[in-house]
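Following this line, the structures themselves.
Common to both upcoming complexes is chain A, partnered first by chain B, then by chain C.
Showing the complex of A and B:
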């Protein structure tokens, strides 16, 4: 117990406290709220003009948009794929192929996303051309850059929820389905009344993990667009990186780190509690 | 047994005595192959071994501050941005090299980027010029195109290229992190606002939203709005597409001569009226924490001296910063580029000189301008904000 506690103190608690402390230090080493004011007032974080002009809207909203689109899509797609592939011959092979996106390093994933949406060689435009639609480099335009990254990351992350749901499906007793079938329940009714409620613990885990991943999203954005064009696809983690390693302003970077940590805790604590109640 | 012990001791002492210097630079692939002979020449001359490691400057910017704070260094001689070297010199992490570098041997002003309070903290290796728009002579001959001498002729040329069947756009736009777009933008600033405004922007003496700078940008925007620039495409891919005839012109640095199949087919012209040209030198420095300071100094003096630079320019694609390198050391196509510097004022790269968060913002805002030229006001406003 003691060695574990020591490791946690050294590698988790001390760096966290140190980061919080640094976020309150101004350039002269004095305690102040200057960094918080600068970061929260910055157009990098929140740009209300974006509502009338178009992207960028600021990293805070970009992360929220990411969550709003990516979370429901990956969860529903993962569930649907897990249910469909459960009864398909060779389903396990297909699942492995889908899961490859998850196994791949996200840096590689970012490069692939970039080329997927490229105007000349991208697979997305290849498909569009079949339908006579002339495409463009979707990641190069402010109105489509963020959406391209989100949809690209859905492809990379769906494998994760699919695998977890597949494991969850195996834990539901077959008797439930047989009894429902004898009672004349339709497959749709069985799905909504048996499968979904019994998979709730898995859904909570998938939601927490996906949410955390979405909040700390960095690598795909860094490689595919570097947050551009004009900050249109910038996210909190990349903003933190820019402050720390480009501006060499560790105080402002720490503020973003604190915001990210607080958001993560805010999102995960209620979900973890509900998972505990389910148990 | 005794003989074995002696041999072992000898081997061990040789291993302990032999010093291996580590050079860190950004060149990989074909560029690395052209740099390694220079290091080999140094090894043969001095008997000091040199190991070369590849790191992008962007990655070094993350790695070095932490290493230096721990009083460690991953390399003995490191190639890096000038502004970064000065920044680290101010923090006391860089060795002064004024005693081994003779400033008079270099192109005027080229060492300013690594000079602090009259002392040199780095040296200029070879550099690359960003002379203007490159074209294939065969392409121009095939479509009866001529190098323009006025702005009107330049616009007419672009219109003519645009009407060639199968052409994507008259000018290829290289993308990546965004630096290729910054190069062409700087060329417009130098041409239409003048070399002094270019220098003032670096110093922060003039606003991006000022009338003079805006005028230069408006010239660029007028071309963007007419669709004369292609969609930003990964720059090496754009290079291939341009070489294959998808585009007529490509704004790129002199390193392009080492990246095409037939350098003799290359031609280049600057925007009519350009009085300056960006000369981007590669800078190297010695971290204070090197284990072999004397050997590292020898290596830096060799690399940045006439001898080392001569080896490099002979390989093609590089232009010497050291004036003692003779013109006949260059391959013919590079010699033409080297002559351009004589006719024009050599200027430092704007975003490399300012560096920091501005550089990233500059690249990023230009990516926006390229696809949304109507947002020029937003772009200039952000650039002013980031210069603060």
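Showing the complex of A and C:
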């Protein structure tokens, strides 16, 4: 017990508190809000000019865009795949293949995403060429870099929601479907009136875990674009790394870390609520 | 329905085939896309080139990653299994605190600890050393494995242990001879996930390990990707080499892996 607790205190709890403390220190070691003002005013974090000029829009908005596109897509795709593949021959093999995106290291995932959207070897351009459209290396241009990474990460992450929904589907009693079929309900109606409501607990968990993943996204961006070009695909986690380990500005880096942690904690509030219902 | 399903499956499969084709075919066949199959030759040159890469040989990276991933799986599992058993069998007032800690570590981005951990490890002389990294991974693994194992232990009826206790077995003996053998599936799940996550880790390695010969496998991938020109044959071969280890773990322990993933997520 004691060594486990000691390790958590030394390597998780103490450093987190220390980061909060450091975010309030200016370069002379005095308490101040200077770092917060600097980071929140910085164009790295939020660039209002981006609205008229195009990307970059700042890491904060980039992470939000990531959520706005990636969350609904992976959740609905995962649910649809779980429902379809249950009844299909070879569905389990397909599920395993789709789940592979979650098994590989995300640094390799980033290479795969970069590969898909590459100008010459990329699959995306291969498909576009069939329709007579000449593509480009989508990750290398400010207007498409972030979107390429987001759509690529849908490919990587959908297996997660699919697997959880598949497990959830197994818990729905067959009688429900049989009774609905006898009453003459259409498959679509059954899906919306029985499947989706009964899977709500799974949806809550999948949503939270996916949110956490989107907020913490780092490896994919690091290896595929390094946040570029010109910050057009930069995200909070990478901004923190750049501040801390490239610019050696620990104060600003700590502020970004605190903002990032505040948002992940906010996202996981529904999970802490279930602590009260602990067995 | 079957057709739609397999078409979707194809979308997921094609990038894998693409990377594989790019890795095992010579460059001049790939100029018009790897999907061109007019002349097909296979070569392992890309694999040997990345394996023996001049600045970032993968061979060394794979060995280094194993040196980190194996202890970083074994240590937290030993510590967390005992803690999880304790939590499942004894009444104690910290249950809520424990649960909150687990949610916290789950939500916590590693960026939140990066700078203080780096400073702490440097002052202890543990930067650029695997000991520091293994300690870090152990600390991050303990919370979720503790909870995962606790959730498994509470499904084992206490009556089995009571019977053994009447026969005069000590608590430790009960744990070792009765509980552990029953827990092998759960331990398999925890080990498979923890190993793969440590193997896949990039950020913690990035901030603690920097000597060229000590770099882990995941750290060598970005080094193989040139800044302006990407040698896709080399990079594809390297990507396959690094992902094959977790994929093998997944393939051989598939049942445990998926169960573990569900248990980890659903709490």
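To be clear about the criterion, the second predicted complex is superposed on the first by the 261 of 279 C-alpha atoms of A that agree within 3 Å, B and C clash if a C-alpha of one lies under 4 Å from a C-alpha of the other, contacts with A are read in each partner's own complex, and residues count from 1 in each chain.
Quick note on the criterion: a residue touches a chain if its C-beta (ideal position, glycine included) is under 8 Å from a C-beta of that chain, and two chains touch if they have at least 3 such contacts.
Bear in mind the structure is a predicted one, so any value in this text is a computation, not a measurement.
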Chain C versus chain B on the shared chain A, clash or fit after superposition: clash
Chain B versus chain C as contact partner of A:85, first or second or both or neither: second
Which superposed partner A:262 touches (first chain B, second chain C, both, neither): neither
Superposed model, chain A: greater residue contact from chain B or chain C: C
First (chain B), second (chain C), both or neither touched by A:245: both
Touched partner set for A:103, first chain B, second chain C, both or neither: second
Which superposed partner A:40 touches (first chain B, second chain C, both, neither): neither
Partner chain(s) touched by A:231 [first = chain B, second = chain C, both, neither]: first
Touched partner set for A:142, first chain B, second chain C, both or neither: first
Partner chain(s) touched by A:118 [first = chain B, second = chain C, both, neither]: both
Chain C collision site on chain B, chosen from 7-15, 25-33 or 349-357, when both complexes are overlaid on chain A: 25-33
Chain A positions touched by chain B in one structure and by chain C in the second: 114, 118, 120-121, 245
In the complex with chain A, residue positions of chain C that touch it: 1-2, 4-6, 8-9, 11-16, 18-19, 22, 30-31, 33-35, 79-80, 82-83, 86, 95-96, 99-101, 103-117, 120, 135-136, 138-140, 142-143, 146, 154, 196, 199-203, 206-207, 218, 221-222, 225, 230, 232, 235-236, 239, 242-243, 246-247, 249-250, 254, 257-258, 261-262, 265-267
Chain C contact footprint on chain A (complex, rising order): 1, 3-4, 7-8, 10-16, 18-19, 22, 81, 84-85, 87-91, 94, 96-108, 111-112, 114-116, 118, 120-121, 123, 126, 129, 155, 160, 163-164, 167, 202, 205-206, 209, 212, 215-216, 218-219, 222-223, 236-237, 240-241, 244-245, 250, 253-254, 256-258, 260-261, 264-265, 267-268, 271-272, 274-275, 278-279
Chain A - residues contacting chain B, complex: 43, 53, 114, 118-121, 136-137, 140-142, 226-232, 242-243, 245-248
Interface residues, chain B side, partner chain A - complex: 61-62, 65, 87, 175, 177-178, 231-234, 237, 241, 356-357, 359-360, 363-365, 367-372, 375, 378-379, 382, 385
